[in-house]
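Scrolling down, you'll hit the structures one after another.
In what comes next, subunit A is part of two complexes: it sits with subunit B in the first one and with subunit C in the second one.
After this line comes the complex of A and B, so read on.
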C-alpha cells in the first residue's frame, strides 16, 4: 500500500482520461455548455492536485510504482511515476493554462459534441504523464499521445491551410517519434532497463560507449523536434498559424516547452553519467539555442500574419530555453524551468489576443487590421504589455527566468549566447509591439489595397462576449507580472537541484541588471523603425534595407511549407548532432 | 551480434526519409513514413533477438529456457499501434485535403501561400509580402 501523498500521483493523469472517456461515451447526450463546464473543472482539479503534489514533493521526490512493482535488488521491472518539486509545479501550471484556455474557448465551437474538449483533455493527460514519468518507454508513450491529440486538434477546422499545416506537423513529429523509439531501443539494449535511475546507474558504470551516444543523439533529436529548435523548427510555424486559437495557446504555452523540459530531464538525469554526452551538451545546446533565438526573432519580425509571427517568437524563446539547459548548471536549468512558466503565461495571453482579433475583427493580418483595434482598448493594453514582457521588461516570472538563464551563461563565459538571447527576445518584442501599435493605435503608413495575408481567409466564431475572452488573457498576464518574486527566488535553487538529482545549492547568479532594459530599448527602436520607416531620412533606411533584403529572401524561401524540404532539413540536423557527438 | 539488422534499419530509415523528401503524392508520402517506421521494428527486434532461443512463451517449455527479450516485443507491439494510428490519421487528413484542394501534390497544398496562389513559384510575391511587413 502506497502512503498518502504518493498515491495521488496517478490521479492528475487518470482524471482527465476518465472524464474524456465518459464524455466520448455520452457525447451525443450532453446538453449545451456541459462539456465546457466539465472540461474547465477537470483542468482546474488537475492543476490543484498537481500543486498539492508539488508542495508535498518539496522535501524529497514522490515515487509511485504501478501495480506495486517496486524495484528489487536493483532490477527495475515496473513502471513508475516520480515527481520532484519542479515537475509538479510545471504540471500544475499546465493544468491552469488548460483551465483558462477552456474559459477562453467557451462556446468557441458550435456543434462539437464535446469532441474538442475530449481531445484537449487527452492532450492534458499526456502532458501531465510526460512530466511525471520515470520510465523511458512511458515517456515515449506520452510523447506519442500528446502528438496524436495535437495533430487532430491542428486540423480541427478542416480547412485547406489547416490540413496542410496538420500534415506537415504530423509527418515531422511522427519521424521524431520513430527516432525516439530507436534511441530508447538502443539504450535498453545497452543497459537492460527502461527506468531513468536504472539507466543512469548503468550509463555511469559503462564509460565511453558509442551506443549510449547514439541513443542520446536519437532521443535528443526527437525532443528538439518537439521543441522546434533550428533546423527542426519548420513544422511549428505552419501548425501554430493554422490551428484554432485556443489550441495555439496550448501549443505555444506548453507543448513546445515541454519538449525542452523532457530534454532537460533526460540529459540531466538519464545521461548524467556519460562524459561524452555531458561534454557535448554545452557546445550543442548553446550553439543551436543561440542560432534558434536569432533566427526565430528575425523571422517573427518579417511576418504580417499575427499567429505566424507569434509562432516564430515561440521558436526564438525555445532557443533561449535551450541555452539555459546548455549551461548544465542548476542555475541554468532552474532559470529554464521558470522561463517555461513565464513564457507560457505571456505567449498564451498573446495567442488569446490574436484569437480575440480573429473573432471580433475577422482578420489575422497585421496590415489589414491597421487601426481596427480601436474599440478594443483593454486588449491593446494587454498586447502591448505582453510585448514588453516578451522582450524583457524586468518584472514578473518571465524576467526572473531570463535573468537566471543569463546569469548561468555569464558565469560560464558564454557571452555570445547571452547576447543572442537578448537580441532574439528584443526582435520578438519589437514584432509584437509593432503589431499592437499598428492595430490598436493605427500607426504606420496606410497600406491601401494590398494583397491579403499569406493564407486563406480565416474566421472564428464571433458571438462570444468580449470580456469572456479577455478575462483569461488578463489572468495570465497578471499571474506573470504578479507572482511574488521572493517565493520563486526562495524555492527555485532547491527545486532545480532536486530536478537534476544534484546536491542542493544556495542562491543562483543573475545576469547584468542593465541587459533587460537594453532589450526593451532595442525592441522599442525596432518597433518604431517598422512603423515609421517612411518618415525616417533615407540615409538611415537605405543601409538597413540593402543589408537585410538578401538574407530575408533566403530565409523566406527556406520556410517553403513543403514537407519534403522539412524532411531534408531533419536529416541534416540529425547528421549535424551526430557529428558533434563524435567529434567532441 | 550481427551488424546486419542495424544496417538494414539505417537503410530503411534513410530510404524512407528520401521518399518523404522527394514525394509528390501524399499517399506515397504516407507509405514512405511507414517505411521509416519499419526501420524501428527491425532495429527493436534485432536488439532483442538471442541466437538459439525460443519465443518468450513458457507454456510448453520449462522455465529457464533461453528466450528472446519480451520487453522489445512489447515495444514493437506498441510501435505498431502507434503506426496504425498515425497512418489512419494521415490518410484522413489526406482525403480531406483532396476534397478541398483537389490535389494530392504537397507542392500544390501549402499552409501559407501568398494571396492564395498555388504552384511551384510563389517566391517573388512571398518575399515582397515579407518586405512590406517590415515596413
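After this line comes the complex of A and C, so read on.
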C-alpha cells in the first residue's frame, strides 16, 4: 500500500486519459463549449496535482510502483514513477500552460466534436508521464505518444504547407523514435534492466563499454531531435510555423524543452556512472548548444514569417538550455530547469500574439502587417515586453535561468558558450523587437510591392473576443515577470541536486550582471538596424550586407524543406556524436 | 542539396559510424547466450503469483501494464488524428450516410461471395472473441483479437456492399467503442486505488492456472483493449473508405469498384 502523497503520482497522467477517453466515447453528444470547459478544468487539475506533488517531494523524491510491483531482491519488476521537486514543478508548469492554451483557443477547435481536445489532453498526459517516469521503456512510450498526438495537431489546417510541415515532423521524429528504441535495446541487452537506478548501477559497475556509449549516442540523439539541436533542428521550423497557434504554444513552450529535460535527466541519472559519457558531455553539449544558439538566432533574424521567426528563436534558446546541461553542475542544470519554465512562459505568450494577429489581421507576414497592429495596443506592448525578456531584460524567471546558466558556464571557463548564448538571445530578441516595432508602430520603410508575402495566405478563425485571447498571454508574461525571485533562488539548489541525484549544495554562482544589459542593448541595435537600414549611411550598411549575404544564402539553402536533406543531416549528427564519444 | 550530395553526406556519416557500430556489436552479449535477469525473473515468478500461462499477457497487462496503457492511447491518438485529418477535408456533416461517387458503377456481388462472407464473417468474429478471451492462456489478447474482430466487420462490406456495411456499422458507435474501451482500461488502473492498492494492481481473484478465467484484472483489461481496437480499426476502415468517395476530387477511372 502506498502512503498518501506518493499515491497521487498516477493521477496527473490518469485523469487526462480518463477525460479524453470519455470525451471520445460521447463525442457527438457533447454540446458546444463543453469540451473547452472540460479540457481547461482537466489541465488545471493536472497543474494543481503536480504542484501538490512537487511541494511534497521537496524533502525526498516520491516513488510509486505501478501494479504494486515493488523491486524484489534488487530486481526491478514493474514500472515506477519517481518524482523529485524539479520534475514535479516542470509538470505543474506544463499543466498550467495547457490550461491557458485551452482558454486562448476557446471555441477555436469546435469543428471536430472535441477531437482536438482529445489529442491535446493525450499530449498533456504523455508529457506528465515523461516527466515522472523512472523506466527507460516507459519514457519511450510517452515520447512516442507525444509524437503521435503532435503529428495530427500540426497538420490541422490541412493546407499544403501544413501537410508538408507535418510530414517533415513525422518522419524526423519517427526516426528519433527508432533511434531511442535502438538505444534502449542496447542498454537493456547489456544491463538486463529498464529502471533508471538499475541501469545506473549496472553502468557504474561495467567500466568503459562501447555498448553503453552506443546506447547513450542513440538515446541522446533522439532527445536532441525532440529538442531541436543543430543539426537535428530542421523539422522544428517547418512544423511550428504551420501548426495552429495554440498548438505552437505547446510545441515551443513545452515539447521542445521537454526533450532537453529528458536529456538532462538521462545523462545525470542513467549514465552518471559512465566516465566515457560524462567526459563527452561537456564537449558535446556545450559545442552543439553554442552553435545552435548562434544559428537559431541568426535564422530568426532573417525571417519575415512571424511564426517561423519564433520557431527559430526556440531553436536558439534550446541551444542555450543545452549549454546549461553541458556544464554538468547542479548550477547549470538548475539554471536550465528554470530556463525551461521562463522560456516556455515567454515563448507561449509570443505564439499567442502571433495567433492574435492571424485571427484579427489575417496575416502572419511581418512586412505585410506593417502598421496594421495599431488597433491592438496591449498586444503590441506584450510583444515588445516579451521581446525584451527574450533577449535578457533582467526581470523574472527567464532572466534568473539565464544568470544561473551563465554563472555555471563562467565558473568552468566556457566563456565562448556564455558569449554564444548572449548573442543568440540578443539576435532572437532583435527579431521580435523589430517585428513588434514594424507591426504595431508602423516603423521601417514602406514596403510597396514587397508587402505581398511569398507565403500562402494564412489566417485563423476570429471567433473569439480580443480580451479572451490577450488574457492568457498576459497571464503568461505576468507569471514570468512576477514570480518572486527569492522563492526560486531559495528552492533551486535543493531541487537541482535532487534532480541530478547528487548531495545538496549551497547557493549557485550567477553570471556577470552587465551581460543581460549588453544583450538587451545588442538586441535594440539589431532591431533598429533592421528597421532603419535605409536611413543609415552607406559606410555602415555596406560592410554588414557584404559580409552577411553569402553565409545567409548558404543557411537558407540548407533549410530546404526536403526531408531527404534533413535525414542526411541527422545521420551526420549521429556520426558526429559517435565520433566525439570514441575520441574522448 | 542535390541528391548526389545528399547520398555522399549519408555515406560519409555511415563510414564514420562504422567502427563504432562494429565495437557495439562486438560488445553485445553473444547471440542466444543469456536471457536477461529481468526476463528470467518474470518467467520464474509469474505463473505462481498471477496464475497465468501466457507470459506475454502477464507482462503487457500486469507487470508493465502502464506501458500498454500508453500504447493503447497511442493507438487512440493515431486513429483520432487520422479521423481529424481525413474528416477535416471532407467536412463533419456527412459521416452518417454512405457517400456515393456519381458515375461509379455499383457492381452486384455474386451469390458465392455473399454466401462465403455470410459464413466466414460470424466465424471470424467468433475466432476474434476466442483470441480475446484466451488472452491469459494462449498467445493472443485484446490487441490481436480486436484486429480480427474488426476484419470480421470488413467481411460485411465484402458481402453486403458499402451501403449495407454502413447501415450495420455506425460511426458514433465506433467512437463509443473506442473511447469506452480505453476508458475501461484506464478505470481498471484507477479502480484498485479505491481499495487502497496501487494503480492497476491485480486485486481480482486470480482463478486457476491454464483456465480461461485466470489472471484476474487482466481479463477485464483485455476486454477494454479489444473494444477499443475493434472500434478504432473499424473507424479507420470507414474513414479511408469514405475518403475514396470524396466528392471534390477529380474522377479517377479504373479505381476499385464500389
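Convention: the second predicted complex is superposed on the first by the 579 of 584 C-alpha atoms of A that agree within 3 Å, B and C clash if a C-alpha of one lies under 4 Å from a C-alpha of the other, contacts with A are read in each partner's own complex, and residues count from 1 in each chain.
Throughout what follows, contacts are C-beta pairs under 8 Å (C-beta built on N, C-alpha and C of every residue); 3 or more make two chains touch, one makes a residue touch a chain.
Note that this is a predicted model, so its numbers are computed, not measured.
Of the two partner chains placed by the overlay, subunit B and subunit C both lie in contact with A:141. Of the two partner chains placed by the overlay, only subunit B lies in contact with A:301; subunit C stays clear of it.
Of the two partner chains placed around the shared chain by superposition, neither subunit B nor subunit C is touched by A:474. After overlaying the two complexes on the shared chain, residue contacts for A:18 are found with subunit C alone; subunit B is out of touch. Within the superposed three-chain model, A:125 lies in touch with subunit C and out of touch with subunit B [touch as defined at top].
In the superposed model, A:238 lies in contact with subunit B only, and not with subunit C. By the document's definition of touching, both partners, subunit B and subunit C, reach A:562.
In the superposed model, A:63 makes contact with neither subunit B nor subunit C. Judged by the touch definition given at the top, the superposed model places A:116 against subunit C, while subunit B stays out of reach. Touching of subunit A by both subunit B and subunit C, each in its own complex, is seen for residues 137, 141, 144, 148, 151-152, 155, 158, 186, 188-189, 194, 557, 560, 562, 564-565, 567-568, 571. Across the complex, subunit C meets subunit A through its residues 1, 3, 6-7, 9-10, 12-14, 16-17, 19-21, 23-24, 26-29, 36-38, 41-42, 45, 62-67, 69-71, 73-74, 76-78, 80-85, 87-89, 92, 172, 175-176, 178-180, 182-183, 186-187, 189-190, 193, 196-202.
Taken in their complex, subunit A has these residues touching subunit B: 137, 141, 144, 148, 151-152, 155, 158-168, 170-171, 174-175, 177-178, 181-182, 184-186, 188-189, 194, 237-238, 241-242, 301-305, 308, 366-367, 445, 447, 450-452, 454-456, 530, 533-534, 545, 548-549, 552-553, 556-557, 559-565, 567-568, 570-571. Across the interface of their complex, subunit A is touched by residues 9, 13-14, 17, 20-23, 26, 29, 33, 36-37, 39-40, 43-44, 47-48, 71-72, 75, 78-79, 82, 85-86, 89-90, 93-94, 96-97, 100-101, 106-107, 109-116, 123, 125-127, 129-135 of subunit B. By the touch criterion stated above, subunit A contacts subunit C in their complex at residues 1-2, 7, 10, 14, 17-18, 20-28, 64-69, 72, 75-79, 111-113, 115-116, 118-119, 122, 125-126, 129, 137-138, 141-142, 144-145, 148-149, 151-153, 155-156, 158, 186, 188-190, 192-194, 209-211, 213-214, 217, 557-558, 560, 562, 564-565, 567-569, 571-572, 574-576, 578-579, 581-582.
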